[in-house]
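Every chain is named by a letter (A, B, C, D, E and F) in the order it is written, and numbering of its residues begins at 1.
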Amino acid sequence: MATVALLDDEAAGADARAVFDEIRAARGTDYVNNFWRALAHDPTLLRATWDRLKDVMAPGALDPLVKEMIYVAVSTANGCSYCVHSHTAAAKTKGLTDAQHGELLAVIGMAMQTNGLVTALQVPVDAAFDAEARGAG
Amino acid sequence: MATVALLDDEAAGADARAVFDEIRAARGTDYVNNFWRALAHDPTLLRATWDRLKDVMAPGALDPLVKEMIYVAVSTANGCSYCVHSHTAAAKTKGLTDAQHGELLAVIGMAMQTNGLVTALQVPVDAAFDAEARGAG
Amino acid sequence: MATVALLDDEAAGADARAVFDEIRAARGTDYVNNFWRALAHDPTLLRATWDRLKDVMAPGALDPLVKEMIYVAVSTANGCSYCVHSHTAAAKTKGLTDAQHGELLAVIGMAMQTNGLVTALQVPVDAAFDAEARGAG
Amino acid sequence: MATVALLDDEAAGADARAVFDEIRAARGTDYVNNFWRALAHDPTLLRATWDRLKDVMAPGALDPLVKEMIYVAVSTANGCSYCVHSHTAAAKTKGLTDAQHGELLAVIGMAMQTNGLVTALQVPVDAAFDAEARGAG
Amino acid sequence: MATVALLDDEAAGADARAVFDEIRAARGTDYVNNFWRALAHDPTLLRATWDRLKDVMAPGALDPLVKEMIYVAVSTANGCSYCVHSHTAAAKTKGLTDAQHGELLAVIGMAMQTNGLVTALQVPVDAAFDAEARGAG
Amino acid sequence: MATVALLDDEAAGADARAVFDEIRAARGTDYVNNFWRALAHDPTLLRATWDRLKDVMAPGALDPLVKEMIYVAVSTANGCSYCVHSHTAAAKTKGLTDAQHGELLAVIGMAMQTNGLVTALQVPVDAAFDAEARGAG
């Protein structure tokens, strides 16, 4: 159940269909997942989101698989069920092994736990962690 | 300002001090950061947290720097200021470059954005993302 | 699947039914949605919630449609699926157009993104944003 | 730094001052904390919040100290620094011992961790947990 | 729909099955819920999670029922649907009455509300709440 | 205290300075706030964020003040202190009155409260809220 209808190729306008075709070409599959079909009601938002996502997730200083794991971590902390599913699936496509998945889960769990402890204790930030004082980037 | 006093070595009990010493040895520094000093009121919790953190963050199927980036990602989505500071500092110690930091930020920002779009649209999970149906791990 | 049974008019007590009837009258429909049926186990909580909701969402300095969009924004950031569905539906009933819905989504996505960037960067608040210093309300 | 000025007794209007006085009487202290002074710009909101808080936190089926611990737990998961500080202080006033504080922290940390694991794994809810099927309240 | 298959006793390895058997013994039931079956892909994570959960939720300075309510509170603020279901069910098993459930809900709702007000107002923490200044634990 | 140094005009590179100048021109002030100075370490991210923000917050189907209130609502639910400060200040610049501010706070508080109640109750979504079934956009 969504808050908008998911648009198939026919229902989507020409601008949205053009993005669908770019997604198909970039991923080497005919399948366009529901997120893009929901965004298709607003072709400007669809276009801006796809263009930016493509750039951000491209290989660079970080490995694409690392980027997917970071995506899963954020989506988990935000409780976004769809995002956890789609980016875990993407990570597997990009080579996530079972051992890596297990360690990803362990780090997420550990981070959630210490986040809670730190917040409940209201630990003040150590001066040693101050990037500005270090003059560093 | 914290919800408990931060215990220095003298104020901490013997059990807490033993953990402080393990932290010093593991990190090759005399400095023990505020998180551990706040936890020292409950030596059992301090011990359990340190033992588990040490295991989880050790090199394994994932690189220690990758683990720190995942930690930063979770802490950011949870809005834990101390955790963002301490694990960004830890990532820099483990070799995070400015270019990697920039990409980490970009992925976190992108994930936050699409998390919001997906949730506002309530996009239903594609059957293609179902691990159980794939019988996969 | 809920953590309590949803009470129909018969199962609900007289106090809860009285609230159901006020909801029907206020909305001009016989339909009482699941939220109220779940709250009906605790008529005091049901009454307090309905009375306050009615006041808060009434026309005032802000337009009722604007209030519904703010409600959707909070519910999205909190990841409350039911709330996103119910208040998006309410916004449509109050006149939300497709173009407005698209812009609402874009603002939510942008806010989520910059929230993440700001938190990962731990940007200190500019003195210029200090209401107390301005002596302003 | 706040988004509104904190109103002292003189700056607050008569309606806000009346609430301040009720807070003083209820707590047996002359001190009115910042939260109420920030809310005082909108006496209706101040009144509604204080009236409801007083009812909700009163002794009932749950002990007032238990209620404060639940409040700390929610505030921690929401990352509300002020709320963690004020309700931890309130819990101490109501008798929270150091041992109880330690266990509260441990439960919060554990819950945060398993919340993360469950969400990253997207574990489907067991039919056994369905209150509706049990016909239970 | 999960991101991993749920392992039954046969599919789980010997180490995971040993944890399953401890869960059965501790709870006096043959039923092992989905969370543990999802974790069984990583027996080390399964073991660490179960061992710690057992310790943390054991009777101590806080009553087991109080601990379950704190767990529900954290899980609610994190929006973890599975966790809310499983720990509400556990709380009922440990004696949560309908009246207590109603008050738990009311406190959670109140805390969520004031968390939002405090954060939107950016109320600065009162010096009176400073545990360090009080030299207190 | 930030995780990166805030770059003044001199320290920022030419690409970042070009964005600073666009911000100055668009806002009719010489002041560039800390967020942009922190992003300036990564001119690509700075450029992408500014370009998109400018488009999204421009007048359109929604009023700019309404957009700022939605931004404050999201930032509040995410607990982003800087964002709440900066967008509350922006909203005041765009005409937010004290009465509107009070109602914004009341709606945010109400939404937070019912989000918590709905999640703790795990209320199933009413079929009546299904946009797909309605064939609606």
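Basically, contacts are C-beta pairs under 8 Å (C-beta built on N, C-alpha and C of every residue); 3 or more make two chains touch, one makes a residue touch a chain.
In this text, all values refer to a predicted model and were calculated from it rather than measured experimentally.
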Intersection of the contact lists for chain B and chain F: A, C, D, E
Pair in B-F, E-F or B-E that repeats B-D, with over half of contact pairs matching by residue number: B-F
Greatest separation from chain E - chain, by CA centre: F
Inter-centroid spacing, chain D versus chain A (mean Cα positions, whole Å): 33
Centre-of-Cα separation between chain B and chain A, whole angstrom: 19
Two or more partner chains touched - positions in chain E: 1-4, 6, 41, 45, 48-49, 52, 74, 76-81, 84-85, 88-89, 98, 101-102, 104-106, 108-117, 119-122, 125, 129-131, 136-137
Topology of the chain contact graph, where touching chains are joined (line, ring, star, complete, other): complete
In the complex with chain B, residue positions of chain E that touch it: 1-6, 41, 48, 52, 55, 125, 129-133, 135-137
For the chain A and chain E complex, residues of the former touching the latter: 79, 84-85, 88-89, 98, 101-102, 105-106, 109, 116
Chain B to chain A touching residues, read off their complex: 1-4, 6, 31, 33-35, 38-39, 45, 49, 52-53, 56-57, 60-62, 66-67, 69-71, 73-78, 80-83, 85-89, 92, 97-104, 106-115, 117-126, 128-131, 136-137
Sites on chain D touched by chain F in the complex: 1, 3-4, 41-42, 44-45, 48-49, 74, 78-80
Chain C to chain B touching residues, read off their complex: 72, 76-77, 79, 81, 84-85, 88, 104-105, 108-117, 119-122
